[in-house]
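Next up, some structures in structure tokens.
There are two complexes below, and they share chain A, which is joined by chain B in the first and by chain C in the second.
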Partner chain A sequence: MSHATGSRVQQHIGDPLSAEPALPLTKLEEIFKDIQSDLRFDHELNGCLNCGICTATCPAAHYYDFSPREIVQLLWTENLEGIYDAMQEKIWACAQCYTCAARCPFGNSPGGLVMLMRETAIKHGMQSAKNVLRPFSRVMLKLISTGNQLSPDMINRDHFADWGPNISKIEAPLKLLRQAIPMPTLNTTATAWEVNLKTSVELYTIWEETGVLKQLETVDENLFDVISDIMDEKREDWKDFLADQEDEKDEKDD
Partner chain B sequence: MDKRVTGSERFTGHGPEWRDSNLSSEDARIATSWVEQKIDKRSMLTNKDRVEDVRDIMWQLEKDGEIVVHRVADEHEPMMVKTLYGWDKKIPTKRLWHHKSCGQCGNIPGYPASLLWLMNRLDVEYLDETDQTSCTAWNYHGSGIGNIESLAAVFLRNFHQAYVAARAQGLPDAYYYPLVHCGTSFGNYKEVRSYLLHSAKLRERVTQILGKLGRLVDGKLLIPEEVVHYSEWLHVMRTRIAAIQEIDCGNIRATIHPACHVYKMVPEDAIYDDNINDGNRLANSTGIMQALGAQVIDYSTWYDCCGFGFRHIISEREFTRSFAIDRKIKVAVEEARADVMIGHDTGCITTLDKNQWIGKAAGKPVELPILADCQFAALVCGAHPYKIVQSHWHASPTETLMEKLGIDWQAKKAEFVAYLDQVKAGKQENLYDPRRMRTSGPGFIPIAKLP
Partner chain C sequence: MNAKPVLIVGGGPSGLAAARALADVGQRAILVEKEPRLGGAPILSGYAKLVPSGEWAKDAIGGMVSAVEGNSLVTVHRGCTVNEFDGKPGDFRAKLSNGVSVEAGAVILCTGFTHFDSVNKPEWGFGTFPDVVTTTQVEQMISSGQGVRCPSDGRKPQRVAILLCVGSRDRQIGREWCSKICCTVSSNLAMEIREELPDCHVYIYYMDIRTFGLYETKYYWKSQEEFKVKYIKARIAEVTSNGEKLIVKGEDTLVKRPITIPFDMVVHAIGMDPNVDNKTLAKTFGVGLEPHGFIGKGNSYDALGATTRAGIFVAGAATGPETIDDSIAQGNAAAMAAFALVSQHAARGVAA
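On to the complex of A and B.
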């Protein structure tokens, strides 16, 4: 691309003084259509007074070059290049607190619209999405393979050095401390609670049927491969369990 | 003077047309004082042109034979509360199916354990089982991986399991009613329920998926009459909980952090009570704290989020910790001289609790004990601070709170350390019979075979 000069805007949406955009208009339209065609879009965008209540109350606007009012305006005015530009970085600043949605007098949900843009960034395999999601891969691996998003063994000093020297204020092996929780479902270390095998297998069907695995493959192929292997293994385990049940039943019938 | 807009702190991201007004701090205070007044009022959330109660659509769809509604029945002994617009919401008090939170169970296990302990004390029947996934919404809000169909299918699968779970005990369907522990799940499920009720296309898609899983009722989707958060259960049970209180907490200055996904997502379904915060703020947590006799102290940033950010807690921690310290902990300590901050959601408790230690390195040494409302309630009702409340997982100084409550935490800690030997020998104490936790699959013991 001939426009790869200094500014982020030039890099992503081209030189504003040049006649040719960095991305063909049809591509920009396609991206906007993907955002707009989500069934939530019309519930979350009802016009905009440009009043800025959303931005005034937004925690992310405190710390980042990000404004929910701007996001809503870009979508409302169908500013295709601006939308594409915001998807490079800005949309990832949102903290998803929905203060904006609770307070917008027009009933808009800027935070919800950000989610539609994030989903679309993933669908189009945007580099921004890949970069941003790399540190999130541990959570995704856990979630897709077990249905839990966090597990006790993920909380350790290597990953959370800034949380202080004590993950637990009582020194003892993690396994023992988990056994000492008086809920038997929680006596685990690799998942937050013990997950029924059937539950995991049902969840895999949901991931497949709803295109989530495809999303994952687009942003992180390695992670996708690892997860596919885990899923195959658990499905085999479930099949074996069902076969054993059948055998037991047959034995009884005899 | 408004501390929040002084010095170098500026709002950003307003777009190129934005110009700084350069107001003096006094003029800025006058100019924004009306906002401050409005922000503290319920009207801030009710200034909408259109509001609808999606339960009207739900009853119509059931009438038309399209869906089945899982009712909060008389057997669940519901209590009625009022929500933002004065609508009724039914909160079941008995026969509850615990929809756990992965963040709570993984990281703050005393949170669910305290809730179950309170239920045992109040003789509330429940089921805590292994056939459930998380709502998957933390990951969704953080990463964008997932979509409305996956969120809806996960919601309906879990709630269907709650509906049929009692079969494993030889009991009828609809016996248990789901109680959602996590605020993120609660907000997400309410939002997803609304989209399911609005969109025939979404219903059609997920009916196919749920059909494949064998998770339909009479070939139809099962929709819960109410989506209920545990803090709502705690709220309606507050006088019954106060009746078993053992430790006086009248000297405790408590600040409340209301959780965004509990009351800002689908705000019309959150509980408001004219006798609590003058009906201007969410009643959850404040209600139970007042019933227990604690002093609930106001602070100016009560409405701010905690800084969790879903993605930020993992990969943009500077934002998370700055927000947690500057906008929440520091304000609660300096303005309210708080002894504790009480929350009712997973991400907030984690964020506010874990991000204090690093404050020292950043030249902002603030310390404030952080607990969930049910942990505080259990503590003052005599629950063991380590065996039940599991306060050792909290990084914040819960010990100072215990001292103020007159609890000898050092002795209790020593008891717990000694108890670990018993656990090592496989003789741990449980809140319920472990054999009930599996309702199918490997390890399941059918009820008839239980000795």
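On to the complex of A and C.
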């Protein structure tokens, strides 16, 4: 893997009109190296014809100052300042639909590259990552602690303008309606479905092993603390459950 | 000296050129063509004016056909394929599908290509919307004298988009190669459309323009300066319809914004695929294919047009995307190599 090879001579990169301190070039190189050294990078970036089919097909590009082709260009040309700049706002406009990847004649995945940049933004605790993720703290709480992200009791009118007139359906007696679903695990409105205790505990192992919890700690320490407490509690419950099982077994054996 | 004939498979530009060249030096040739008439793609697909001569295909290639058909040294089998084949250089035997068995001293494969089938790129609307057509169809509209019209209702289009690289340079559908001719052909077609319909706006959507060599002046520059053809550096995401017009969604990569433009007609500049029969041909004649599926060349710097099997030569678009001019040149080159081979064998036979 080649190291970043910008021919730029400036050692600090900054905006003369901004009060923000200038960034050392080494920081930009470090960020790019983190993106480039991911094993997905070479698979998702093979070159670029600048044909623009990715941006043409991109739903986000029609509404935001975001162009998947520009992202590919920045990475392909190792434009360190451009990459850093795109990570401040642009990369968060992508809806991760991957139509770009399905269409690219070169077999690139601009959506996949955006994901790498987002992961790197989180790893470096960039303010943009914190800002973008803050409104999702409730969703993240639900997702990380239970494994399902939206539950019926989380839906309110203000947050789902895109539902249009359909939003009135949330006025229905959801609890009662869900009682009618034959699967007992769906007879709840606090989660999308009732999550088995063992599944939850296994899920926590996955979060730890894949570094998700570490990412969370970087962008939202408070939420991390809350979720850690829930995890400890559930793991305690699981231990108790196993102990109970053991006791029952002993009783039977006696 | 009584040389065996040269077996030529395929009666398009390269096969016709090879047959004519052999006859010109007094060498017998057997020409086998699977279709009921000679001429290859320019005649069978009804091309209009050819690049770069500007002559109508039926005159230019038609002349080559007459030169071969009227030649006593060339035996032509139409509507016919080679079913069985064996032997060695100087002494091959072939059984044709019409029951005739022939002997040949050498073989030239002039089996050409197959036009890319645009239904393999469904998001660009071919097969879904009747006014999405191919360059071949537009050639036919022009060569038949009908003129460029929207197939749905026969109206004259006011806006036409020509999409380049349809079935070329596209890893998504397994076609990484550049088909070489489509940029020039499309520039030529754009000028022909503007000539017939001066009020019609013609846009060409491209990734790179490859009107290579001298074609740059005659097609790329001329189409813009004299014919006001508009070139947009963009590849199209999808062709849809609003019920009235075709809607073409792309990004103008030079101004960096997505653009959506309504059109009356969308033309796919279709590329050149390996001949769909290449696997059968490779098996019948015992020759290798190159990685894309075209007929593989034995070498580049020894006998002209060599395949991987001695005594079997190849010319034209059978080897990869090729222009008509170069196909003709390759047909002549392969004829020279085949002639040398059969002559040497004949001389040896006399000496023995």
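Rule of thumb we're sticking to: the second predicted complex is superposed on the first by the 217 of 254 C-alpha atoms of A that agree within 3 Å, B and C clash if a C-alpha of one lies under 4 Å from a C-alpha of the other, contacts with A are read in each partner's own complex, and residues count from 1 in each chain.
Note that in this section a contact is a pair of C-beta atoms (placed from the backbone, for glycine too) under 8 Å apart; a residue touches a chain by one contact, two chains touch by 3 or more.
Everything quoted here is computed from the prediction, not taken from an experiment.
Asks: Following the superposition defined at the top, how do chain B and chain C come out on chain A, clash or fit?
Replies: clash
Asks: Which partner, once the models are overlaid, touches more of chain A's residues, chain C or chain B?
Replies: Higher number of touched chain A residues: B.
Asks: When the two structures are overlaid on chain A, which partner does A:149 contact: first (chain B), second (chain C), both, or neither?
Replies: Only chain B; A:149 stays clear of chain C.
Asks: Just to be sure I read the superposition right, which of the two partners does A:141 touch: chain B = first, chain C = second, or both, or neither?
Replies: Neither partner.
Asks: Identify the partner contact of A:51: answer first if only chain B is touched, second if only chain C is, both if each is, neither if none is.
Replies: In the superposition, A:51 contacts chain C only.
Asks: Where does A:162 make contact in the superposed view: on chain B (first), on chain C (second), on both, or on neither?
Replies: A:162 sits against chain B, while chain C stays out of touch.
Asks: For A:119, using the defined touch cut-off, is the partner it touches chain B, chain C, both, or neither? Pick first, second, both or neither.
Replies: Only chain B; A:119 stays clear of chain C.
Asks: Is A:183 contacted by the first partner chain B, the second partner chain C, both or neither?
Replies: After superposition on chain A, A:183 lies in contact with chain B alone.
Asks: Which partner does A:103 contact after superposing on A: first (chain B), second (chain C), both, neither?
Replies: Both chain B and chain C are touched by A:103.
Asks: Give the stretch of chain C that clashes with chain B in the superposition, choosing among 4-12, 58-66, 94-102 or 256-264.
Replies: 256-264
Asks: Counting contacts the way the document defines them, which residues of chain A are shared by the two interfaces, the one with chain B and the one with chain C?
Replies: Overlap of chain B and chain C footprints on chain A: residues 52, 55-57, 61-62, 67, 69-70, 99, 102-103, 105-107.
Asks: Which of the residues in chain C end up touching chain A in this complex?
Replies: Listed in rising order, the residues are 123, 165, 169-172, 207-208, 233-238, 249-253, 256, 258-259.
Asks: Along chain A, where are the residues that touch chain B in the complex?
Replies: Contact set of chain A toward chain B: 38-40, 43, 52, 55-57, 59-67, 69-70, 73, 90, 92, 95-99, 101-103, 105-107, 115, 118-119, 121-122, 129, 132-133, 135-136, 139-140, 143, 147-152, 154-155, 160, 162-170, 172, 176-186, 191-199, 202-203, 205-207, 209-212, 215-216, 219, 238, 241.
Asks: Can you check the complex and tell me which residues of chain B touch chain A?
Replies: Per the touch definition, chain B meets chain A at residues 9, 11-15, 35, 39, 44-45, 47-50, 100-107, 109, 112-113, 116-117, 128-134, 136, 138-150, 153-154, 157, 161, 187, 195, 198-199, 201-202, 208-209, 212-213, 215, 260-261, 263-265, 267, 303-305, 307-312, 314-315, 317, 319, 321-323, 327, 354-355, 357-358, 361, 386-388, 390-395, 413, 416-417, 419-420, 423-424, 428-432, 434, 437-442.
Asks: If we count contacts the way the header does, which residues on chain A are in touch with chain C in the complex?
Replies: So the residues of chain A in touch with chain C come to 49-58, 61-62, 67, 69-70, 99, 102-107.
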